[in-house]
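Structures follow.
Each of the two complexes below includes chain A, the first together with chain B, the second together with chain C.
Moving on, here comes the complex of A and B:
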């Protein structure tokens, strides 16, 4: 009964052949039925959500591409100014370059710290039987907290009057100083995020052939060598795929920074997301903001291309 | 020989898990400690917060919650968030369910294109279309409305929901659907009477993940709503600061109320949450 998965020219039409050379009423009905069944109804089911998605995402995205070549303020006419926005961004606007470099710092933090946490946690948890469910639930839990709640918790913990830093005699505001603010926010986001990575890695680890571990034991591998030579190669596709996603996400960061510092102190945490927000909704430079959004899209595309290239070169992603 | 080998592995594992449990416990304290602290601190008075930042409260002040409820205008923001969540989840389940069914079972011409489209669209950076979307919504008069936000949330969640539901539906046996068809059911009846009752765990998972995403959502909400009447629960947070600083007991109590429904649902249905969130690969 594979008929439902098959193409229009499936077994069912073969089962009910029509006499050749005679355009009977029955055949016309059958054609219409097939048209409805295999073309019209399936597309009727698809159209509402695809239409909505196109309306909310594709049309604005195309508009964004257009506006990025204009000096549009958000209201009224948009004047086409060619590549002027991009010229300004890369050669004149120091705040764009600074924001971009902060996104790169954010990216370096997120491809290292959460991955270290997650690999450590998942390799420990993969060996545990008793309490495994408890550990998994507990370590995953921060991931379901709304960003606003995570931010509230960490703002409290970073509090210079009675927060965690005061326990070691550090009484400066981690979020209030230019040189620590970005890392403090990144660490709060990491606290929320790493459990998610850990569960992904854990699932991947369950797919590793246990024979490999037995072989490693027989060869006298210690914990570290076992991790390095069996576990890590076993989950490499997931790790690399998530690295790609995390690198893309690093350019989108907005919530945590907006809530915790709003870009301050003195612009020290102003990343692209914050910069775009301010340009579009506070400085009324929607065209310029759209151009900045375009560059994020290009960076994301470049990251995907690099990983696709590596994959072609034989890295198995 | 086999017995000895098994014994060897058994001994080895017993020996090793103490190490694992030790470090896992440290990680659990790291992950849960701040959440527990949030719960405990929501019962303290603002004055006690400075004197006793990490300990149990000397006096469990339940009235914090009442005051936070009033000051954060939670009555309104809770109601709004519930509307956003229910609206988005129902739209997403109905329309993504239809689409997923079509892709999983009907395989119409162009189905592959649709899958690729959804895959590409789910990785396009939000900043590419957020700014024009805002101005489009303003022109349509969709800012500060329930349907404006619900439509955005539904569209944003569509790729994930369709993928997850499709993978559920593909796993179902096709024979039952055929049986229903032989009995004269039309496509919609097959979907409602056969597919939905069989695939409800998939629908539940998608509903939970989408609902959680909408409940927690901040970025879109803060950009697309300016009227306090329409604010979702995540913006109540801003009510606890004034010129003189932050009222920490109310902030903590407010955050705790915001997260309590989520935590309860998570503890009750954590398998579905974990499965849905990790399969979708979505980030909030």
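Moving on, here comes the complex of A and C:
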């Protein structure tokens, strides 16, 4: 029982040689040395990075928490107003609710379409031997392009005068209609993103023991059954981890929408990121924007908690 | 001999220290400019033409499109340039209210700015009677037209709204698009047409009354104006269809205008230079010519214009040498610098009183604009651009929600009721930019 409760320091102490000599002074010196070495010195090494972290993350984050309870224009003094921002957000501001629902739609798109693309692409590419690097590089390439480049490419591809819609005789602007704009942007973002997922899945697939595939073949499994019973379980931790990350990222989406529609047409692509930007820099309601940002942190925290809970329940994450 | 050498050495040391002292007495004034062709052009010109040797202008070229946001954050943190600027009076009002700008009152007296600026322009920079910012880039919104196409079809420029409607019908019958541009890249740009319709449809007096809190935005005159705007947008005047109006880029729209596929362009005066430089004649790959006319009104045949400024300038509270910064501002707002900057960099001139033939080298179409604009201002035939005269939150409502009106998600009445609600709140908070008395 005592061993079960041993702390890491205790276990380290158990492995240490006995202090030399018998005098109590030496013992005290040894204890001091041990305290320094195992308690103080590691923190000394950590101080620079912890200081930097506190300066650029912790302090601004705490300031953000404070400002979320204030009426603040972004400049000048902030006036503490308690929970008023949150009250307005959840009970009076329909645009916040609408934006949140678009983030959820975005999340649903990104936990399905890019994953389907990436799983399909990686399982095909895993079998390719000749020119494998070329295909991998070509499919990964969009991920390293700046979003302004990718977005501009897709703006032209979506043009109804000479772009992709003309190939199927469609003469409307996908980015200019409120019922198609969000999905059109999501697809453009997906084009840039799925190659990254594919490379991750490919890497994970290389860790699967080939014997399992041989055994599946001996059992008469076709490609689909191999994928379902061998590949997918083998890469499941990576898939689930990336699913968690994608769900969190879905609340942070900003650049593609900002570049392609700025939240329009008619507010159809206004997600939380765009709404926060407008409130902070155009409406001068930085306190309210901070409160909206806080809710994103809460949503991300909830997602992490759900995955942590599932892991505790035995899911292989 | 040794004594003489010692004396000579002492004199040299004295002279050197005097010169060093003089050099260190030079005061530095920092200015931020966008790291693009125009920004670097006017900044270089400012440094080159500044007449005083005791002041050094340090220009910091900032990359990216969010220069104003970056500057705002820097100012809040006690940094940023000595000479600050923002999108216009309502933005500068926020900075002044936060105590981040210095009062310019005594500089206005010292340099005689009252006599140099158009009266309404200087008033725009006042907060509770004190001057905090100076307006720059005189702007209005007009209808450019492809003169070659008009001449081919025998179309006349309209003077009334009825004539404009008839012209639009004729343009569409000829298989052309009535007008551009498209706002796929610029959500706030939807405010241009709303500003014009408030003034040119409802009338400048009623708009003035609304901006000063004497008339609600829900007034039937504004309902009629916004309904008229909604109708022409939904009728496909812009770009031939609302989906293209919502999604096409400026470049696409201007190229089609230059090529003659779009007959008119409902644009700002900031395009005066660009059309000739990029889209018409040889640069545009066509042989077309452009011209402009004032957007017609429902109540008069005389030209009316909405007035506005593209940006405003002030002195940061953190400026170590505010007197030097004021001297730089004084030079910047001289008619000679403005004329040079306009000619060399294509900058719209500041709203100063220009006497003589300052813009002798300007394009005649441009010269005619400033002439007609001046006459209209003097006759009281001017209205208001939302980006210069509307308070911030009301203005965001104005351009953000109008697209919902166009898309039939929001009625005109609800749109104006929402605007009234935002306006009342900001009116009560004292956030309305100064509205020059009529």
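Quick note on the criterion: the second predicted complex is superposed on the first by the 264 of 317 C-alpha atoms of A that agree within 3 Å, B and C clash if a C-alpha of one lies under 4 Å from a C-alpha of the other, contacts with A are read in each partner's own complex, and residues count from 1 in each chain.
The rule we apply is simple: a residue touches a chain if its C-beta (ideal position, glycine included) is under 8 Å from a C-beta of that chain, and two chains touch if they have at least 3 such contacts.
Values in this document were obtained by computation on a predicted structure and should not be read as measured data.
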Combined model on chain A where chain B meets chain C, clash or fit: clash
Partner chain(s) touched by A:252 [first = chain B, second = chain C, both, neither]: first
Larger contact residue set on chain A - chain B or chain C: B
Chain B versus chain C as contact partner of A:310, first or second or both or neither: neither
Touched partner set for A:281, first chain B, second chain C, both or neither: both
Which of chain B and chain C A:264 touches, first, second, both or neither: second
Partner chain(s) touched by A:208 [first = chain B, second = chain C, both, neither]: neither
Partner chain(s) touched by A:63 [first = chain B, second = chain C, both, neither]: first
Contacts of A:111 with chain B and chain C, given as first, second, both or neither: neither
Contacts of A:39 with chain B and chain C, given as first, second, both or neither: first
Partner chain(s) touched by A:74 [first = chain B, second = chain C, both, neither]: both
Identified clashing stretch of chain C versus chain B [57-65, 183-191, 291-299 or 345-353]: 57-65
Common interface positions of chain A, toward chain B and toward chain C: 74, 159, 281
Contact footprint of chain A on chain C as seen in their complex: 66, 69, 72, 75-76, 94-95, 97-100, 183-188, 241-249, 252, 392-393, 396, 400, 403-404, 406-407, 409
Residues of chain A that touch chain C when the two form their complex: 73-77, 155, 158-160, 172-178, 181, 260-267, 278, 281-285
Touching residues (chain side chain A, partner chain B) in the complex: 1-7, 37-39, 41-43, 45-46, 48-50, 52-53, 55-61, 63-65, 67, 74, 117, 120-121, 124-125, 127-131, 135-149, 152-154, 156-157, 159, 161-163, 166, 191, 193, 195-196, 199-200, 203, 214, 217, 223, 245, 248-249, 251-252, 254-255, 258-259, 272-273, 276-277, 280-281, 286, 289-290, 292-294, 296-297, 300, 304
Residues of chain B that touch chain A when the two form their complex: 9, 12-13, 16-17, 20-21, 23-24, 27-28, 30-32, 34-35, 37-38, 41, 49-51, 53, 95-96, 98-99, 101-103, 105-111, 114, 117-118, 121, 123-136, 151-152, 154-156, 158-159, 162, 174-175, 177-178, 187, 212, 215-219, 222-223, 234, 237, 248, 251-252, 255, 258-259, 262-263, 266-267, 270, 273-274, 277-278, 281, 283-284
